[in-house]
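The same chain A turns up in both complexes below, where it pairs with chain B and then with chain C.
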Partner chain A sequence: MTMTEAREVKRPGLFNALVPSVVSGIVLGVIGAAVAGYIVNAATQGGNLDATVAAVYTGWLLFFFVGIGAFDGIVQWGFARRELTSAEELELAGKGQGIWRYFRFTTDHKVVGIQYLATVFVLFFVGAIAAFMIRLEQSTPGAIYFTPSTYNTIVGMHGILMIAAAIIMVSGPFGNFVVPIMIGARDMAFPRLNALSYWLLFAALPIFLSTLALGGFQTGWTGYAPLAVQGLTPGMDAYCFTIIVFGISITIAAMNIITTVMVMRTKGMTWGRLPITVWGVTLSVLLGLTAFPTFIASQIMVLMDRIFQTSFFAASYGGSNWVYEHLFWFMGHPEVYVILLPAMAVAAEVSAVFSRKPLFGYRLLLGGFIGITVLSVIVWAHHLYLSGSVNALDGPFMLDTELISIPTGIIFLVLVGTLWRGRIWVTVPMLFVVGVLVNFVIGGITGIYLADIPTNEIFHGGMFVVAHFHFTLVGASVFGFFAGIYYWFPKMLGRRLDTMLGQLHFWLFEIGFLGTFLSLFYAGLLGEARWAANIPPPFAVPNTIASLFAILIAASVFTFIWNVIITLVRGERAVANEWGAKTLEWTVPTPVPLENFEHLPEVKSSPYDYGSPPVPAGDGVPATGGGVAGAPLQAHPQVES
Partner chain B sequence: MITPSTPLEHETHELALHIRVGRARACSLILILADGLSILGIMAGGGYLSALNTENQYRMAGDHPPAFVPGLVVAISLVLSGLAYYWWERKVRRGESSGQLIFFIPAWALMILAMVVQILIGITLNRGYTAPYDAYESVITLIVWSMALRHALAAILGLPLFGRIMRGRIAGYEYLVEASGYWWYYTVAASLLMWLYALRLA
Partner chain C sequence: MSEANIEGNAGGASPARQEPHHLRRAVIIWVVLSVIGIALWLAVAPFILPRAASDLSSTDDFTFVVLTTLAVPVGMFVYVFLGYSLFAFRVKERPTEDGVPLLPRPSLQIGWLGITGGLCLFLLIWGFAAIYLETAAAASNTLVVQVTGQQWLWTFNYPQYGLSSQSQAIELPVNRPVQFVVTSEDVLHGFAIRALGVRIDANPGEVTTTPIITPTQMGNYTVYCVELCGLYHSYMWQAVNVVDNASFNSWILSQGGHL
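What follows is the complex of A and B.
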């Protein structure tokens, strides 16, 4: 032990454990919120509730991050006499802190990945509860269980929680945990910013949930102005603040992931040898980076209208709702591809592994992803066909929207081609990939009808749209997420999920999902409008059927939760290479050590070279181990220079 | 509790220089991209409102743009700040450890001056406007205060840079000065652009 390290050894204790941590963050955050709210309330003499609420949220955020130690890094970077030692960096990464590392500002990408995973589960669960409340209300005609105002808030909360969860569900857990290992790195490019991006998300959750105590918000998940600036209650402020904080979190995470993939790839990991998951996540966050700034700007404008009485959206003072719609949907459409791309990439990854075949057209698939990334930025006004805006551009936007079905179709072709004549291993991840294919056909084809202006005029604002986006976002993207969960769970948490429960989860989910949303397609064809608590009698039958099938979805959710719980408590321990896959994350031990690799690997082949003879290893290279015998790995260790 | 490092942990502690340089540049450029898009969104929104002139209420008689002379002071301060930063950066790249503060302090001080004057512009602007503000006043208010925010961010960035200079931790970390410079120059350029845009809207 050196002199420096002797000085670094600190005495453990309860105080050191709690400070800094999420506990001190919450305590200080609450104090900061109260103080800031008190000051602004006094300054405005209680006459501007929105300003007070904004001050409370700002105080919460600033002091939460002080309490959790997020600013320590900046102080050290600027004012310390020396750089951090390796011991100090490893302490930041959670070395020797046991389970407490998940409740601190821990920089290890694997910890951040697990934190994201837990948060995604919570968001999905709460969003699912809201969904079941919606289906309950819509199971029979009449606004029986909730007032229309409460129903609107439930629908809006369901929407924004699920959208937020879907945005981060692949890039958060897998982008953080798996991607650095996949590219042969020891961590993300910016470990502290990685932790910051997660804790921003965490800090946004109480802000969002406070809307329930502030009267809720009536606009639905889109937060449309001018309704957003007209609310009598400050619940809308919670929505706006949540979006701003969430957008900043996404921006930081996107910057981190892109930089990591650009500069941290190991020797031999060329762009053409990157696992498709890495491409999907990287393109997704790149798209998010370009999409979210306008969303943040729109929410700042809404807050300004609410707090300072500006008039960006009020027509009587020269504002226009079209400004909001354009700013929102400029984000809103790329956002669905932010959700879709990583999920499809995971489906492709899984399909190659469990077909024991190379991806059918790696570069074709990549071209499809890039095509979607580029085209998705120029189609947003198909959400505004009936708004009265952009009449002259309706045609070009319709064309662009239809064009995007080409790269999407290519993705579908690659997935099917990968399975074609493969040695299919029917695992639970593979079941979910099949579910992706089935659901995405339906979701994609119905999108064509919505892309075309004549049919859009009929379907706009109806349940047909709701069913369409559920088939694409849930049927394709969430199913892709579950494929990834069952695939990487052994590596991330060291245990195998129960196969039978996984199969039960899949079938309950798929049958329930198809029954629910095919019924809603029918309701949409009949002319049912969306966002209505009171179902008129002509639409009662399909809604009742949908609600009955939703019970199966609920059963699937609890099946999955039960599977996770019993696996964590007494599940079978996983081996290092559970599936005999070839990507780098399967070359490291389970559980993954803090530094990921003992020696950084050198990549010598494609990640999907199933059926190819193994690449000759160098001297001293251990034999491949774990999982299916004889599966040659993508890389071999090299002595780190 | 911090436990002593193993030899492997010592070995893995230092990233190669080219990785540190690459990540610093990428971080700065990507954040500039994101922020630049938000500025474009604001400008597009403002231009759209101007073109729509909904119910002929976009701009009323008596609506005035921000005061020109203080805006000019801000613009000049920013340009000089950018130039001073550039000279500081050049000094760092040449490995000249002495006299860095001669260029850095003016760069930082001018940025702070720009921020203070911009805040004063905002305060006097809003005293001249009457709530509820029309669309033109709303756009000008947003532009003025978002410029102030960007100046503040750059000024805050100057603080840890100053700390590193005082601690002698710039040598060997020239890439940090370069990457920070990207953000500094971007702040100057974006602020000038938004100032000209606000004048154009008038």
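What follows is the complex of A and C.
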């Protein structure tokens, strides 16, 4: 497009600012939901509450996206059959819209990254409140604080919110904000799909929270059928719909990230020079793309059973609960690696930067990641050793599951080897990497007990499992996410998080976490069952201890929130290369300009070339101040070993 | 392992000053702490494990002890090298020079994969042996207990004694093999007696069986539901009594069964 064709973009008035935005989206969405609900309710003569609820959600989704302007592109350019002008592209990317661009269908990957980040914080916060409610209820025997029905809903909401937040916590904020800059791109491959993936996530939240108004759901986060089909309240439909929308959202995001990494890398950014975070995120979303469709399918089947009285899962009409269990766990086990892989990649990234050393085996680590990615697709039935559905396959699934400890072992070798004989600068991100290692050893080893059948048959379905997956998902993955937050916050939001508060956050979190979940291991060893509102008296002591330690975790949550708030209000401004790292995102100015790079950089070396043979003055640790755009730090002479 | 296993293309970074033998020190600390850790674990284990009241439960607990014993040096390895690194290589300020650019030698990589692979193989053989042991043929005097889960109650039948009065407690004679045949009437339940090492899903429309186990200790235990089955899932616990033969027989008669 030539300059003459680029149209002048009008300054938006109030109406123009509001109309394609989240405000008009919500208004139109609510109207659409009401109309769709009314029509279906009238058509079924009020006889099928589940159908009405499904119609409300469908109307909400469709008209929310009309209102936020997701379909504008189709109308404006689709029918006109012409490409976007660059002025229109910049307008879509939020140029000159200030803070308001975060509330519109904005395509800039940095805006989407920040939107994801804020959403992850909200999800974690609400999920954490539910977690503290669980610890409150389990602190003493008997269902005292909540009714069993409320408790089940709380447990389910905690599970889904936390799992959803953990799935997107690295690939969402960092995968969108940092990864494109890391590979030297100006934006994602499909910017409008990027906005769509975020706003689908956003649109799923009211659907999920509406379960509270519809009587909650009794199944926990796993949503096992036939219990899910049996549910008398329409709260279960909220769960099913949320999963479907969330699944579509992460599928779109995954395709976008994979395409971006495949085709948008700058000159010289070979596969072997990709920062490890990019690998972690890419493999994670690839795995998610493989795993999630069965989960979506299972929820469609549950909705069919609920709305149209099909019987996929009801044994009395020829269905089977095993169908659900396999569909669910085919997603369920890869999904924990969807969460773990990018967090481990962030931990590796951070440990190389703060040890001032190359990764102790880039290809080795990559081999470990790929090994996990491949193996994790064929381990799901270890959740079903005791289900009776695949007894003949117990052996093979035990084999696959235990094989996965080999690539996992590689991660430990590489992380510890990277620290070994480094110049370890113990910043807050580095503290969290230490936390990752401490917790993941316990999380990884306890996984072996659950993989091996003789110990699985005393722990399955119990608190030991709960403690184990909290060690891997929280202790390893969420700690890795926090390492990433403290590491990239200065780049993403332009200000330095307070170090003292960061250290306090870490220590409260780590001590509280270890105390809580080590106690629950003990409860599991004694044989306590999961999902219990009413804990039996023999398990009271470890549960009370766990609940007391959870107070420390609560304190750490508020410490972190306080840190973020005061940093945003009056934090020190960050410089372009806050930590002296060499990946490309640190070469662009802070705050990052709209199209990231003035000139696309050329990459000439690995991003972890610390301690390489003599490089002219100022090697290794670049000057801390100022933008160094156009002087990529990866541009040292490559040394092949 | 030795220092030679780590390859440094140290270049100018090779220091003139005497480097302490970090690797040797760390390995010694690791060995010492592992030995202490294993000794501590073996001393503490009998006190923290719950009472095992059947042969299978004892076997499972033994597996737990063995796996933990193996886990101590594995976990210690990471902790010692991590702790040593933080202690010895920490810098107070933002570092002005880089660390030693170490890369893992092929021998270290292969050795690491070999050791983790070996551990993995051990676990596999252990697990397969356990599966095999659980497939032992039923002894002629095996007691069969039919278990039915429903929201939110377990009921138990003893078909060999003509007892189908839907008992709500399990009574078992000590030292006699028993097998549980489990099903559900409505949704998924999980049948679990920790002290007996028994755990299996109760599926609607399907029948699952536990391994044959022999209760070895008389006492009162509890059966729990371990799969979320709705509203009163956490209230679904009932008594399991392991008693002597005479008491068992009189219990059967008292419930309306015949011997």
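Convention: the second predicted complex is superposed on the first by the 601 of 641 C-alpha atoms of A that agree within 3 Å, B and C clash if a C-alpha of one lies under 4 Å from a C-alpha of the other, contacts with A are read in each partner's own complex, and residues count from 1 in each chain.
One rule holds in what follows: a contact is a pair of C-beta atoms (placed from the backbone, for glycine too) under 8 Å apart; a residue touches a chain by one contact, two chains touch by 3 or more.
Model, not experiment: these values are computed from the prediction.
Engineer: Clash or fit: chain B and chain C on chain A?
Structural biologist: Overlaying the two complexes on chain A (C-alpha atoms) leaves chain C and chain B fitting together cleanly.
Engineer: Considering only touches as defined above, state whether A:Val438 meets chain B (first), chain C (second), both or neither.
Structural biologist: In the superposition, A:Val438 touches chain C alone.
Engineer: With both complexes overlaid on chain A, does A:Val66 touch chain B (first), chain C (second), both or neither?
Structural biologist: Neither partner.
Engineer: First (chain B), second (chain C), both or neither: which does A:Leu501 touch?
Structural biologist: After superposition on chain A, A:Leu501 lies in contact with neither partner.
Engineer: Applying the document's definition of touch, where does A:Gly580 land relative to chain B and chain C: first, second, both, or neither?
Structural biologist: After superposition on chain A, A:Gly580 lies in contact with chain C alone.
Engineer: Looking at A:Thr310, would you say it contacts chain B, chain C, both, or neither? Reply first, second, both or neither.
Structural biologist: After superposition on chain A, A:Thr310 lies in contact with chain B alone.
Engineer: Have a look at where A:Ile511 lands relative to chain B and chain C in the superposition and call it first, second, both or neither.
Structural biologist: Neither: A:Ile511 stays clear of chain B and chain C.
Engineer: Output check: A:Ala34 vs chain B and chain C. Expected answer is one of first, second, both, neither. What do you get?
Structural biologist: Neither partner.
Engineer: Counting residues of chain A touched by each partner, does chain B or chain C come out ahead?
Structural biologist: C
Engineer: Figure out whether A:Pro293 sits in contact with chain B (first) or chain C (second), or with both, or with neither.
Structural biologist: A:Pro293 contacts chain B only, not chain C.
Engineer: In the overlaid three-chain picture, which partner chain does A:Gln230 touch, first (chain B) or second (chain C), both, or neither?
Structural biologist: Second partner only.
Engineer: Can you report the least C-alpha distance between chain B and chain C in the superposed arrangement, rounded to whole Å?
Structural biologist: 6
Engineer: Based on the A-chain superposition described above, do chain B and chain C contact any of the same residues on chain A, and if so which?
Structural biologist: Touching chain B and chain C on chain A: residues 314-316, 320, 322.
Engineer: Residues of chain B touching chain A in their complex?
Structural biologist: Its residues touching chain A are 1-5, 8-13, 18-19, 22-23, 26-27, 30-31, 33-35, 37-38, 41-42, 44-45, 48-49, 52-59, 131-139, 141-142, 159-164, 167, 169.
Engineer: Sort out for me which residues of chain C touch chain A in the complex.
Structural biologist: Contacts found on chain C: 6, 9, 11-13, 22, 48-50, 56-57, 59-61, 63-64, 67, 71, 74-75, 78-79, 81-82, 85-86, 89-91, 93-104, 109, 112-113, 116-117, 119-120, 123-124, 126-128, 130-131, 186-188, 190, 192, 194-195, 197-201, 203-206, 208, 222, 224-235, 237.
Engineer: Sort out for me which residues of chain A touch chain C in the complex.
Structural biologist: 143, 148-149, 152, 218-220, 222, 224, 226-227, 230, 314-316, 320-322, 325, 355-358, 360-361, 364, 386-389, 394-395, 398-399, 402-403, 405-406, 409-410, 412-413, 416-417, 419-426, 434, 437-438, 441-442, 445, 448-449, 451-455, 457-458, 460-462, 522, 525-527, 529-536, 538, 580, 610-614, 620-621, 639, 641
Engineer: Using the touch definition from the top, list the residues of chain A that touch chain B in their complex.
Structural biologist: The touching residues are 1-2, 5, 8-12, 16, 74-75, 77-83, 85-91, 95-96, 186, 189-190, 251, 254-255, 258-259, 262-264, 289-290, 292-294, 296-298, 300-301, 304-305, 308-312, 314-320, 322-323, 326-327, 330, 595, 598, 640.
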